[in-house]
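Each of the next two complexes has chain A plus one other chain: chain B in the first, chain C in the second.
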Partner chain A sequence: MKDFKELRKKLIEETKKKIKASVKKDNLIIQAVNSIDEADRAANTLAKRLREWYSFYLPEFSNSIASHQKFAELILKKSKKELLAEIKLSPEKSMGADLEKEDLDAMFELAKALGGLYNYKEKELKYLEAAAKKHCPNVTALAGHLIAAKLISLAGSLEKLSAMPSSTIQLLGAEKALFRHLTTGAKSPKYGILHEHPLILNAKKSEHGRIARLLADKIAIAAKVDFFKGDFVGDRLKKEIEKRIKGDIEKNSRGNSKGRAK
Partner chain B sequence: MKDFKELRKKLIEETKKKIKASVKKDNLIIQAVNSIDEADRAANTLAKRLREWYSFYLPEFSNSIASHQKFAELILKKSKKELLAEIKLSPEKSMGADLEKEDLDAMFELAKALGGLYNYKEKELKYLEAAAKKHCPNVTALAGHLIAAKLISLAGSLEKLSAMPSSTIQLLGAEKALFRHLTTGAKSPKYGILHEHPLILNAKKSEHGRIARLLADKIAIAAKVDFFKGDFVGDRLKKEIEKRIKGDIEKNSRGNSKGRAK
Partner chain C sequence: MITPLKFYEIFEEKKGKRRKLFTKNLVRGRQVYGEKLVRDKGVEFREWNPSKSKPAAAIMKGLNQFGLKPGDKVLYLGASSGTTVSHFSDIVGEKGMIFALDFAPRVVRDLVMLCEVRKNLAPLLENAFKVDDYKDKIIHPVDFLFQDIAQKNQAEIFMRNVDAFLKKGGYCHLAVKSRSVDVTKKPGKVFNEVKAFLRERVEIVDYRELGPFEKDHAYFVCKKR
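Presenting the complex of A and B:
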C-alpha cells in the first residue's frame, strides 16, 4: 500500500515535469495572435460606440475619416473648431450640440481607452513578427507573420501544420464553408485564412483560387522545412510563386493575342 | 422656383438647429452606460485570454484569485517567485514553464491593456454616477446609478420611462423572456434589469418577484417626479420599500407563530 502511494507521488511529479516541458513557442504564438484578434474585435466595438457618442458633438466629422484609430487620435488632439476647419464647415452650420466639459471628458476617456487598445495591438504585432520570424522563418517569408501565426493557431501547432497536405492548408479557416459544401452541395471554398494574403487581395477574382492553391503548395513545403529546422528557402519559394503567377499571365495574354506582356 | 430653393434652404437650416437642440443628457447617459457594458465585455474576453496565456508560466496562480482585475494587477506587480510564495508553493513544484523575457513582456502588455480598460470603466462609472444623480436623482436614489442609467437606456429616454406603467418598468430588459412567455406559454419573467438590484440580490428567491414589483412601483413614481423636475423624494420612497419588505417579513413570521420579529 505504501509502495503504491510512493509510486503515485512519483508519477504525479513526473507528469508535472512533462507538462512543464510541453510549453512550446507554438503555444505562445497562438495566444498572442488570438489576443490580437480579440483586442481588434473589442476595439471595433468601442470605436463604433465612440463614433456614435461623438456624433452628438460633431456629427459631420465622423464620416470624413475611415480609420477608427485615427478618428480616436484626432478628436483627442484637436478642438471642435480645428476639426470643423479641417472639413471646411463653419461652426454655425454644424448640427452638433455644445456639450459641457464633464460630458466631453467622459467621451474622451473612451477615446483614450481605445488608443490604449490600438497601442497594445501594435506592440503585440511587433512581438509576433519577431517570434514568427524566429520560429517559422520560411512560412513567415511566404505568408507574412500574421497569417503564419494564424495558420499555426488553426492547425494547432507547427508540427501539425507541417504534417498537413497543401489542400488542407489551403482551406484552414474555411471549415464552415467546407462542411457546408460537403453536406449541402454549396460551392466549395477556395481558401480560408489565406484570403488575407496580399497576393490574393491584389489579384483578379478569377485568379484567386489558383493563387491560393499555389500559395498553399509552397507553404506546405515551408512548414516542413521549418519544423525540421532546415535552411532558409522562403525567398526562393516566394520567387517561384511570383514567377508562376507572372508566367501564367503572360500565357493568358498571348492566348488573347495581345502580344507578349512585359 | 427661386422661392422654393430659398424655402428649402431655410427648412434645412431649421432642421439642423432642431437636431442640434435635440441632444439631451439622456443621450449622453445612454452612450456612457452602453460603453461601460461594452468595455466590460471586452475586458472579460481579454482577461480570459490573459489567464490562459499566463497559465503556461504559472498555472497554479490563476485559480487562487477570482477577480480578473486583481489578477492582471498582481501579475504585473509581482514576480513569479513572490506569487508562488503567496499561494505557498515551492518553485520546483510548479507546472509552469520558464519563459524568456520577450515572451513574458508580450503577456504583460496584455495585462497592461486590460488594466487600461478597467481604469476606463471606473472613470466612466464615476461620470455616470454624477450625471445620473443630477439628471434623475429620485430614480438613482432608488435603483443606484447603474440600474437607473440602464433603465433610461432600455426605455429610450427619461421621458419615455416616466410614461411607463410600473409593470413595464419591472420587465425592462426581460423582453425576450416576456415574449417567450406570451408566445409559447413559458413561465413569465419576474424582472428584467432590476435583478441586479441589491434588494433583490440579497433576498430569498421566493421574495424576488414581490420585491421587483415593489421596486418597479416606486421607480415609476420616481421617474415621473424626475422628469417633471419635482422635489427630491427618493429617500422617502426607498424607506417605504424597506418598510414594506420588513413589514411583510414580520407578518410572515407572525403567521408562522414564531412571535414578533425584531
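Presenting the complex of A and C:
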C-alpha cells in the first residue's frame, strides 16, 4: 500500500509532464481553424438576426446588399436618409417604421458586436496563414492555408495526415457519406473537405472526382515531405496537377470524338 | 430507499419501474461529471448513469457476476476522462488501487485532475497495445482488469493485457464497440467473432448487449483460466 502511494505520486507527475510535452503546433492550428469555422457560423446567425431587426426600420436596404459584413458596417456608418438615397428610394415610399433612439442603439450594439466578430475572423485568418505556411509549407502551397489546416484538423495531426494514403485524404470530411456507402451501398463520395478547393470549384462537374483524386495524391506526397521536413516542392507538385488536369481534358475530348466517329 | 445489490458496494433505488444505480461517494460532496449526489441515512451516494458508463449499463441489463470488490488492484484500460473510473474508485475504496490508462492527452488532462482528488487512482498516458512500455510502472498481477477501447483490434489488446497483468482466476471485463471493429458487418456477427476469439483464451461467465443505453455495444465478463 505504501508502494502505491509513492508510485501514484510519481505517475501523476510523469503524466503531467507528458501532457505538457504533448502540446504541438498542430493543436494550435486545429484550435485556430475550428475557431474560425465557429466564428463564421456565429456571424451568420447574428447577421440574419440583425437584418431581421433592422428591417423594421428600413426593410428595403437589406435586400440591396448581399455581404453581411458590409451590411453591418454601413448601417452603423450611414443614417437612414443616406441609405435611402443610396438605394434611390424616397422616404415616403419606405415601409420602415420610425424608431426611437434607444431602440436603434440597442440594434446598433449588435451591429458593432458583429463587426468585431468579422474583424476577429480576419485577424485569425492571417495568423493561420502564417502558421500554416511555416508548419506545412507544401500542403499549404497545394491546398491553401484554410484547407491545409482543416485537413490537419480532420486527420488529428500532421503526423497522422502524413501517414494517410491519398484515398483517405481524398475523403477526409466525407466520413458520413463514406460510411453510408459502406453500410447501405449508397453512392460513394468523391471528395470531402477538398470540394472547397478552387481547382474543384472551378471545374466541370464531371471532372470533380478526377481532380479530387489528383489533388489528394499530391497532398499525400506534400504531407509526407512536410512532416519529415524535406525541401519545398509545393510549386512543382502544383504545376504537375495543373498539367495533368489540362492533359486529361485534352485526352478525354480526343477520346470522345474517336468514340463518336465509330 | 437505497438498498445494496448483490455486487459489492453497488446500490440501487427502485421507484415503480424506474431503477437507479448508485455507489458510495469516496470524496464527500464532490461530483465528477455532473451526476446527482443523494444522501441516505447519513451516507452520500453518487448516481451511476447507465447511458454514460458501460458497466452500469451491463448491470441494468441484468449482469449475474461483476467480480469487483473492495481492496482490489485494478488495471483500467481506456479510462478517458474518468467517468466510469470514478465509480470503480468508489467500489474498491481506500484500500484498493486503480491504474487508469488512456492514450489521448486531452482526456488524460481531466483524468489527472480526478486522480489528484481520489487517492486510489493513478494515471497512465500510454498506448494499451504496447504492454512493455508500462509494465514496470504498475503493480501487477492485478485482481481485476477492465477494457473499454474503441479500436479495431480491441480484443487482441485485451488479451495481451490479460496475459501480461491479470492474476489467475481474476475477473476481466471487455466492452466491445462493433462499429469500431467493422462498420460494414452486422453487430451480432462482430460480437460472435469476438466471443469465439475470447472463448479459446478465457472463460466467459457473462455476456450482455448494451442497447438501448449504448448502441451496437456488447459487454463480456470473463475469468482468466
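The criterion applied here is as follows: the second predicted complex is superposed on the first by the 243 of 262 C-alpha atoms of A that agree within 3 Å, B and C clash if a C-alpha of one lies under 4 Å from a C-alpha of the other, contacts with A are read in each partner's own complex, and residues count from 1 in each chain.
Here is the rule we go by: a residue touches a chain if its C-beta (ideal position, glycine included) is under 8 Å from a C-beta of that chain, and two chains touch if they have at least 3 such contacts.
Computed from a predicted structure; not experimentally measured.
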Tell me the contact category for A:S167 with respect to chain B and chain C: first, second, both or neither. neither
So in the superposed three-chain picture, is A:T183 touching just chain B, just chain C, both, or none of them (first/second/both/neither)? second
Partner chain in contact with A:Y127 - chain B first, chain C second, else both or neither: first
Taking the superposition on A as described, I'd like to know which of chain B and chain C A:L7 touches: first, second, both or neither. second
Who contacts more of chain A, chain B or chain C? B
Report for A:I19: first if it touches chain B alone, second if chain C alone, otherwise both or neither. both
Could you say whether A:N34 touches chain B, chain C, both of them, or neither, answering first, second, both or neither? first
By the touch definition at the top of the document, which applies to A:S64: first (chain B), second (chain C), both, or neither? neither
Shared contact residues on chain A, chain B side and chain C side combined as an intersection? 16, 19, 22-23
As the complex stands, chain C meets chain A at residues 95, 97, 99, 105, 108-109, 112, 115-116, 119, 121-125, 137-139, 183-184
Mind listing the chain B positions that touch chain A in their complex? 16, 19-23, 25, 27-28, 31-32, 34-35, 38-39, 41-42, 45-46, 49-50, 52-53, 56, 93-97, 99, 102-103, 105-107, 109-110, 112-113, 116-117, 119-120, 123-124, 127-128, 130-131
Quick check on the complex: what are the chain A residues that touch chain C? 1, 3-5, 7-8, 11-12, 14-16, 18-19, 22-23, 179, 182-183
